[in-house]
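Common to both upcoming complexes is chain A, partnered first by chain B, then by chain C.
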Partner chain A sequence: MSRLGIHKTLKMYVGGSFIRSESGRVIAHHSTAGDVMYVPRASRKDLRNTLEIARKAQPGWGGRTPYNKGQILYRIAEMLEDRAGAFPAPKAQVTTAVDRAVHHAGWSDKIVAVLSSINPVSSGHVNYAHLRPVGVVMVLPSAQDGLLGLVEAICAPLLMGNSVIVMVPTELSEVAGALSEVLAVSDVPAGVVNLLMGDVPSVMDTADLLDDLDTLVVGPGTLSPERLTASEQAAARTMRRVIRAPSAEAPTDAMGLGRLAEVQTVWMASGGPGVTSGGGGY
Partner chain B sequence: MTMTQDDRPTLKIAGAIEFSPAPEGHPVDIRPHQGHFIDGMFVEGAEEGRFQTIDPATARPLATVAAATAQEIDAAVKAARKAQQGVWGRMSGAERGKFLYRIARRLQERAREFAVLETMDNGKPIRETRDVDVPLAAQHFFYYAGWADKLGYAVPGRTPHPVGVAAQVIPWNFPLLMLSWKIAPALACGNTVVLKPSETTPLSAMRFAQILQEVGLPPGVVNLVNGPGATGALLVGHEGVDKVAFTGSTGVGRHIMRTVAGTKKKLTLELGGKSAHIVYRDAALTQAVEGVIDGIFFNQGHVCCAGSRLLLEASIADEFVERLKIRMQSLRIGNPLDKNTDVGAINSAAQLQRIQHYMDIAEQEGAGIWQGAACPAPSEGFFHLPTLLTGVQQSDTVVREEIFGPVLTVLTFRTPEEAVAKANDSEYGLAAGVWTEKTAKLFGTAHALNAGVVWANGYNLFDPASPFGGVRHSGFGREGGIAGLWPYLEAR
Partner chain C sequence: MSLQRCTEADLAAFRSARIDEMSVARRVARVKSRSLKADTKDRLLRLAVSMVDLTTLEGMDTPDRVRALCHKASRPLAEQPDLPSTAAVCVYPAMVPAAREALGTSSPVGLASVATGFPSGQLALGQRLSEVRWAIDHGATEIDMVISRGRLLTGDWGWVFDEIAATREACGPVVLKVIFETGELGSLETIAGVSQLAIAAGADFIKTSTGKISPAATMPVTFVMLDVIREHYLKTGRMVGMKPAGGIRTAKQALQYLVLVAETLGADWLTNERFRFGASSLLNDLLRQLIRRQEGTYPSPRRISVD
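Up next is the complex of A and B:
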């Protein structure tokens, strides 16, 4: 007699925990195996809680050394590779995603060097422009980009020192669930990466009202033009940065990564003429 | 408005040196009717909606200015498009750069004339226009001229292309300098522009157009349209525009961001601020006093990055405030054209009213109001004495909102963590200052401040090589340096 298999309950990943939606609401969806699965449907309260958790987690993550961030991103690749055979996605997709994580792991201690500058100002100052994280980034990956899109959505903001909230399209819920398990064992601190599931437009209705989200990254085809316009208009309230991202087929390049950071210019008095202050020089 | 002088310390050197008036003796001629500059030509503009620009130091009119009609804005955008596609976008970077170098040189040659004109139209002291605004404007063109044939180095891994036609709207606090911040990088990158100067300070931009004719800049590469906010709204909303750049209030910036939403227009916003200025007890206090004075009273405090929130380590607070008061009593307020003047005129009656409104709020909120200068403010024109607000709270309106005038709030802190927390407790994030002689504390604080620009042992320094811009409600995008090229490039 054959053994009855165990179905996995699909959960969201928030603050390092696997949770259902507090609303108790679900969306019925078919798994890759053809079974019915119930995708948690993130509520307003879920998003608010997640945002609070991501905000609290960001300074600790942003303050880690670039080397440490790179190792943790590499650990994501290791854990993903390890599970490639059991992933609810074709193996080729998983290995592509692994390679993407490895690619980004290598950026964390280099991107600041590529995009920063020592600026030759006409006074006695060491003037440098360097990068600081934007803070909390919400990403809407495109369903067409599959697992690769999810990994891109996580790794690019993460390597820049941000905390991330990924709004998973329903089609990718199952693979996102498996990816959450990878994240949970990759030394990514709790709350730094969070995956919410459910109805994307309705979650965006809430996201538009929340003030504490710094950047929104919108993947191609994830929002209707009207819905995107509404989110861009709502962003004006808090000067939220809205990035219309290209497909995840190619990794976010240096200039793209720069948009997930803020340039900070620092003037350090270093001696020489006119050092104390500027303006009128009273 | 209250002026409490009970606790005013005596300045021993006050009056020891009498200043003779030293006015700039060669005023510039100003055309009484100003219009627009479209497709390389000065156009008179419509009579309907024509408004005055005044000298804020005397409240007397300098000229009348036309408000651009929708047709004129459309003509300007079309001229810019034609010039971008036909000439400017096709020109080699090296040739574009040579035009920008020419502009820089002409600005240097006519520096005195621009400084006087700017001071008359804006009200800022001639010493500032002469030593800061005009030289920096010329330097900005000189700096970006050199980038025009090196753009590939600014976008690692990509190929730079112009964005197209840029709509640019600038404020009244640094009219010519803001014009240079907008036009120089845009042109270096192969874009053409339609720029709207502020309605209270259009004169230096219109004179700048003469330079464009003198240097032979192809028609349509730079177009200037005058008018109030409604003109700016028409310009940024024009469908022929690819890129919008705005410097001004956060309120207007929000409106522009909503207008641009859903379009493919690129946007950069340089908005308001309420910048914190932190002084630790181990700072070089004499220099710090100078820096704090510069930080808030430079340009009458009409500076988006003005250090308007002073945060003093508690143990030095009383002494530092006394030093500030003494220093403030040597600031000469008065005729902006006088070379001895430190604090000039407030740019407009409306702005003076706004500042006075905040003074009323300060009184209601129970702030200690202290004002001082080396001489009384003139009776005509718009002037506001340098002002300190003490005994205020982090939650007070005058501590949270941008006053845009010579008004400094004073708060204290006990630890670096508290200083950073208070500094970052603001919707804005444009700039900040920090003073200490301890290196680790200096870097540590500077990097912890949530601001786009941080001055460490200095304040209000500007340079074309140095990126400037804010975070959060202070906007996004940078002007100056390599980062200042990015908003004007389509990097593919």
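Up next is the complex of A and C:
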């Protein structure tokens, strides 16, 4: 007896749920199997809602211990490895992506020690600088970087304690759909990682107006130079950080990870000269 | 005001209120799908600000926190001084003196105090009435009372009528809002019946909830209560106010409630003398939307003080 094919509906991943765009709009695109695939087209409202969800989820994620964050990043690698055969990408690409997730999992409980410092000051204080998450990070990974670019886009901000909104280029929609299913079973709390799909420049028109977005990471070739300049100018209004990221071929290095964090400087009275009473301050 | 009276026949009529839940759901769904023009939205957002009873009802409330709330109620957004103040602040009786001191005597902002053993109402009637008098003596201009849900649910509707009437008398000219805690009443029919009862007993406003239990205010419940107000108005010409409270956190929800009021009762009720929102976080979302409409960008919630 013949059997009807079961076609998967491609959806975005927001707040731990698989959703269509609230607008109902889609972009027709060819899948790896050559079929026509309808990619959800995130609307302005989708982006606004996602930002609110990511904002709510961030303090819980940022407050987890580095060790626990590392465990969850490692779990992403485990789930990715488990599904390598079913991924709509060559096995070698999946393997590289798994290794990248493991790489970042390993950094999680070390990066703070590498980037924090005790600073020399001319008074009776201990002065140290340490890291805290920058908040909600929106990432535009490059289509050329494939699955590896998506994993890099997610893991680097995550290990610094941020929540992430990934604006997936249409070419990577199918692989992003599969990656969402990995994230959903990786113990990443709902809302900490969100994947939106659709027309990147039009979504950026809205992103530029969202004052609550803390950082924008732009992969190579994702925006035209004029569009990128417009986003940088809009970012200046609210001191939003805009990072022009290199290709994901190499993992984000320690200095790059530092840009996904705020540095907090703490002064503590050490009882030395010039200090009459104890106490600490910022 | 003289004590209200009701007969067994009146109580039987209150108890026999009938509601078609399906048509209520349809009506609410239709209201929610209404779209508003941009300039109407602007007008309604400002109106909604003027209808907020800015509320803090926590065990950890302090006079300083209440003072901050009063300043915010008087001038919700420093950068938009032409914005109206909120209708009132709503606090526990113990915080009334601090609120009165912060507001002064000539403030346009009302001072509402919950009373009568809020939120449960589980005190002897004498204690509850003395709480009302104490709050009024210390400067409250509005009293939000709770009814005895236990009495109501065991069928003693006459007792509930009498307690509202007694509180009405204790309030004198002060505005009386009667809280039903609709989330505990079970059905829309009970809510309709209690609405009739409270209005007959002298309520100036009928109010859905304490905000302490879920579900709090919902649109179907609000619609049923508005409809009772409408029928009472058509029968007697007296205009009773409505205050949904609890769970209304976004400007979008607030606008939907205003559309519901406009469509059920008409423009005469689109004033803070007849409609209020009992809310704390709603005000910040209204302010965010007002900034967004003025500046064109979506402001961060972190830009506005959290009370």
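Quick note on the criterion: the second predicted complex is superposed on the first by the 271 of 282 C-alpha atoms of A that agree within 3 Å, B and C clash if a C-alpha of one lies under 4 Å from a C-alpha of the other, contacts with A are read in each partner's own complex, and residues count from 1 in each chain.
The definition used in the following text is that a contact is a pair of C-beta atoms (placed from the backbone, for glycine too) under 8 Å apart; a residue touches a chain by one contact, two chains touch by 3 or more.
None of the values given here were measured: they were computed from a predicted structure.
S.K.: With everything superposed onto chain A, say whether chain B and chain C fit together or clash.
M.R.: Fit: chain B and chain C sit side by side once superposed on chain A.
S.K.: Now for A:48: first (chain B), second (chain C), both, or neither, which partner does it touch?
M.R.: Second partner only.
S.K.: According to the stated criteria, A:228 is in contact with first (chain B), second (chain C), both, or neither; which is it?
M.R.: A:228 sits against chain B, while chain C stays out of touch.
S.K.: Going by the contact rule set out at the top, does A:123 touch chain B (first), chain C (second), both, or neither?
M.R.: After superposing on A, A:123 lies in contact with chain B but is clear of chain C.
S.K.: Please determine whether it is chain B or chain C that touches the greater number of chain A residues.
M.R.: Counting contacted residues of chain A, the larger count belongs to B.
S.K.: Touching A:210 in the superposition: chain B (first), chain C (second), both, neither?
M.R.: After superposing on A, A:210 lies in contact with chain C but is clear of chain B.
S.K.: Given Cα centres, how many degrees, to the nearest 10, is the angle at chain A formed with chain B and chain C?
M.R.: 80
S.K.: Going by the contact rule set out at the top, does A:237 touch chain B (first), chain C (second), both, or neither?
M.R.: both
S.K.: Pick one for A:190: touches chain B only (first), chain C only (second), both, or neither.
M.R.: So A:190 meets neither chain B nor chain C here.
S.K.: So after superposition, what is the minimum Cα distance from chain B to chain C, given in Å?
M.R.: So the smallest C-alpha gap separating chain B from chain C comes to 5 Å.
S.K.: Shared contact residues on chain A for chain B and chain C?
M.R.: Common to the two interfaces on chain A: residues 237-238.
S.K.: How about chain C: which of its residues touch chain A in the complex?
M.R.: 296-303
S.K.: Which bits of chain A are touching chain C when the two form their complex?
M.R.: It comes out as residues 48, 55, 209-212, 237-238.
S.K.: Touching chain A in the complex: which residues of chain B?
M.R.: Against chain A, chain B makes touches at 125, 127-128, 131-132, 139, 155-158, 250, 253-255, 257-258, 260-262, 269, 271, 287, 290-291, 293-295, 297-299, 303, 331, 342, 442-443, 446-447, 450-463, 465-469, 471-476, 478, 481-483, 486, 491.
S.K.: State the interface residues of chain A toward chain B in the complex, per the touch definition above.
M.R.: 114-115, 117, 119-123, 125, 127, 129, 132, 134, 214, 225, 228-229, 232-233, 235-239, 241, 253-255, 258, 262-269, 275-282
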